[in-house]
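Heads up: the structure comes next, in structure tokens.
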Amino acid sequence: MIVARQIYAIVRKDLLLELRAREQVAGMGVFALLTLVTFNFAFDLTGADRAASGSGALWVAIMFAGLLGMGRAAAIERQQGAWEGVLLSPADRGTIFLGKLASGLLFIGIVDALALVLFTALFALPVLRPMVLLVVGLGTVGFGTLGTLFSVMAATTRAREVLLPVLLFPLALPVVISSVRATTLLLTERQAEVGPWISLLLGFDVLFLGIAYLVFGHAVEE
Amino acid sequence: MMATVRLGARQLGPAASESSAPSVPAIEAIGLTKRYGNRLALAGVSLRVETSECVGIFGANGAGKSTLLRILATLVRPTTGYVRCCGLVLPGQANEIRQLIGVVGHQTYLVDDLTVWENLDFYARLYGLRDAAGRIQEVLDRLGLGDRAGERVRALSRGLQQRLSIARAILHRPLVLLLDEPDTGLDREGRDRLQALIADQVARGGAVLLATHSVEFGSQVVSRALFLDQGRLAWERPVGKELAGELERQLRRQL
Amino acid sequence: MASRITQRPGDLWGRALGWLSAVLVALSVAMIFLYVPSDQVQGVVQRLFYIHLPVAWLAYLSFFIIFLSSVVYLARRQPRWDRLARSAAELGFVFTTIVLLTGSIWGRPIWGTWWTWDARLTTTLILWFIYLAYFMLRAYVSDPERAARYAAVLGIVGFVDVPIIHMSVRWWRTLHPQPIVVRAEGPAMPESMLLTLAVTMVAFMVLYLFLLVEKYRIERMKDELAELRLRHSG
């Protein structure tokens, strides 16, 4: 009970702050849109075989925007000065992790929705379907889990903007591969083959949620 | 659930003064050292703070006061040494200890773009306070911020931010207050309110550990003084008439 | 105090390991070039295999050592476990680099290309990037204690991730020859090749152990030096 209330407190605070200061979601959204548009010029996403490269473009947009957002969130947290206040509270470190993950996922989720709508409109690909949404959800959770853990660590280092992608991208590779593959399969009407990729995403999410929950305390000690 | 009930009994309430057992010290630290790379911030500090006591830690900048307080506040793990707070041990029972301590630090621990009320409401939720609204109004009134609840922290002066930071620290009725230069930026009125608050905490059986380099402020509220010099406890004595003069001499010699 | 620094019981072991690995590596080099026949299909370049395989195993073993010492470090916070982790990391990085290079040289005449995106190559490349991230993380954190903690977190997350990375890349695409040493019906290799491989394997393991011990000793001396500096300045 108290855990749920503490998570809610953290999400509520982040949401209020975002409504007040608007430092994250708008920037992430514009960034995702620009990535999609740039990819259109780089790979010509209007051809008949656009489903394959299109899902790649979608995921690059989502992940780059997520990277930007999570890095920003950790920086805001430190610059606002409340981070140590949260650490001083009796909230368990794992709970704090879940709270930060929840608000991170909320923000990336908004950007996901935006990117999917724009993607449908710009490239006439039917991505607004339950299975695609499931893949986007699972991929976002996996990416967000590692991102939340590493952004907190990177925020205290020199050159944090460089360090976060260097830490995140190699380790999130399974998420990248399976999300892109699953989306491509769904867009090319090969639903039958998508099963293993979704299991892989699910397994990845569960495993690293557990590990991040356990090690987060070691990452936030001063 | 058990833990919450047990801790609930330890929290300071109006009737807490009789029940506080004198045998368990509020803070007990033994042989604390802290290394930051090639720098030794603390070089073996042991101290004991009883309940119903306000202990002052004096010393120049960089003497190790903040490091000591941050270790006791569970933010920093000591390189060696061990800490007990009201009988609970760090780092194993850190979350229980966090419920018992209130901390004022160099940072205000406030979210600048939220209002005064939203900040305290956030912390009330983290600490799981019941009757949050009433308690928030109470601490705001105690620090003279009652009519500023709707203002954004960013818009407050440094002194008022500091008062709010103090209000934040006492929100959950902590048994032990760890105050690191709490008088920073405070005006006359703010200092008076802080002094009254410390006196009240001591009178009700709580403990206060106050780090400061301001002899004028410190010597008025502490009952015992410790002097830190280059990460070591240089000397310790009960407060008396000559303490202020002694502290002044020590500080001047260091500078 | 001075005698403790110049002469330790570990020194003798270290020296013995050094000589043993020198002899064994010399023996395996002799076997690779003089004893074992060239592969009938792949020719001379296949002799790289005897170095490539043990080094690859040791590159992955390094990560396992990092993982174990990271777990123990976070649990106990004793600097020696971090020392072990960073020693293993440095060796692992070097060995991973050698795997990538020898693999590339071997692949050029056999596959006709320096690089293919097959599962094992790609996993090894990602492993190399994780090692790189490990060192960058350490380099960008100024407080050594914090650097050790962060590195341990990365060591744990990374080690658990490597099999998943491998699985995802394998599903994604594969070109690599199927395992030929460890198979249910016994290895598909002439005896002389197997013997050479066994000797090289042992030689490189001893070499690895020697390097790990030496690296650990150097790291410990660095820590002691820092300690002495601290005591004299304070």
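For reference, chains read A, B and C in written order, and residue numbers begin at 1 within each chain.
Note that in this section a contact is a pair of C-beta atoms (placed from the backbone, for glycine too) under 8 Å apart; a residue touches a chain by one contact, two chains touch by 3 or more.
No experiment lies behind these values; they were computed from the predicted model shown.
J.: Indicate which of the five shapes (line, ring, star, complete, other) describes how the chains touch one another.
T.: Graph shape here is complete: every pair of chains touches.
J.: Compute per-chain Cα centres, compare each with the mean of all protein Cα atoms, and return the closest chain.
T.: Of all chains shown, the one whose C-alpha centre lies nearest the global C-alpha mean is A.
J.: Going by C-alpha centroids, which chain is farthest from chain C? Tell me that one.
T.: B
J.: In angstrom, rounded to a whole number, how far apart do the mean CA points of chain B and chain C lie?
T.: Chain B and chain C have C-alpha centres separated by 49 Å.
J.: In whole angstrom, what separates the CA-based centres of chain A and chain C?
T.: 33
J.: Could you please state the distance in Å, as a whole number, between where the Cα atoms of chain A are centred and where those of chain B are centred?
T.: It comes to 38 Å between the two C-alpha centres.
J.: Of all residues in chain A, which are in touch with two or more distinct other chains?
T.: 221-222, in rising order.
J.: Could you list which residues of chain B touch at least two other chains?
T.: Only 77 qualify.
J.: Listing for chain C: what residues touch at least two other chains?
T.: 142
J.: For the complex, which residues does chain A have touching chain B?
T.: Going through chain A, the ones touching chain B are 2, 5-6, 8-10, 12-13, 16-17, 20-21, 80-82, 84-92, 221-222.
J.: Name, in rising order, each residue of chain A that touches chain C in their complex.
T.: Touching chain C: residues 146, 149, 153, 156-160, 162-163, 166-167, 169-171, 173-174, 177-178, 181, 196-197, 200, 203-204, 207-208, 211-212, 215, 218-219, 221-222 of chain A.
J.: Where on chain B is chain C touching in the complex?
T.: So the residues of chain B in touch with chain C come to 35-40, 43, 77, 79, 230-231.
J.: Residues of chain C touching chain B in their complex?
T.: Touching chain B: residues 77, 142-145, 226, 229-230, 233-234 of chain C.
J.: In the complex, go through chain B and note every residue touching chain A.
T.: Its residues touching chain A are 4, 70, 73-77, 95-96, 98-99, 101, 103, 105, 107-114, 118-119, 122-123, 125-128, 152, 168.
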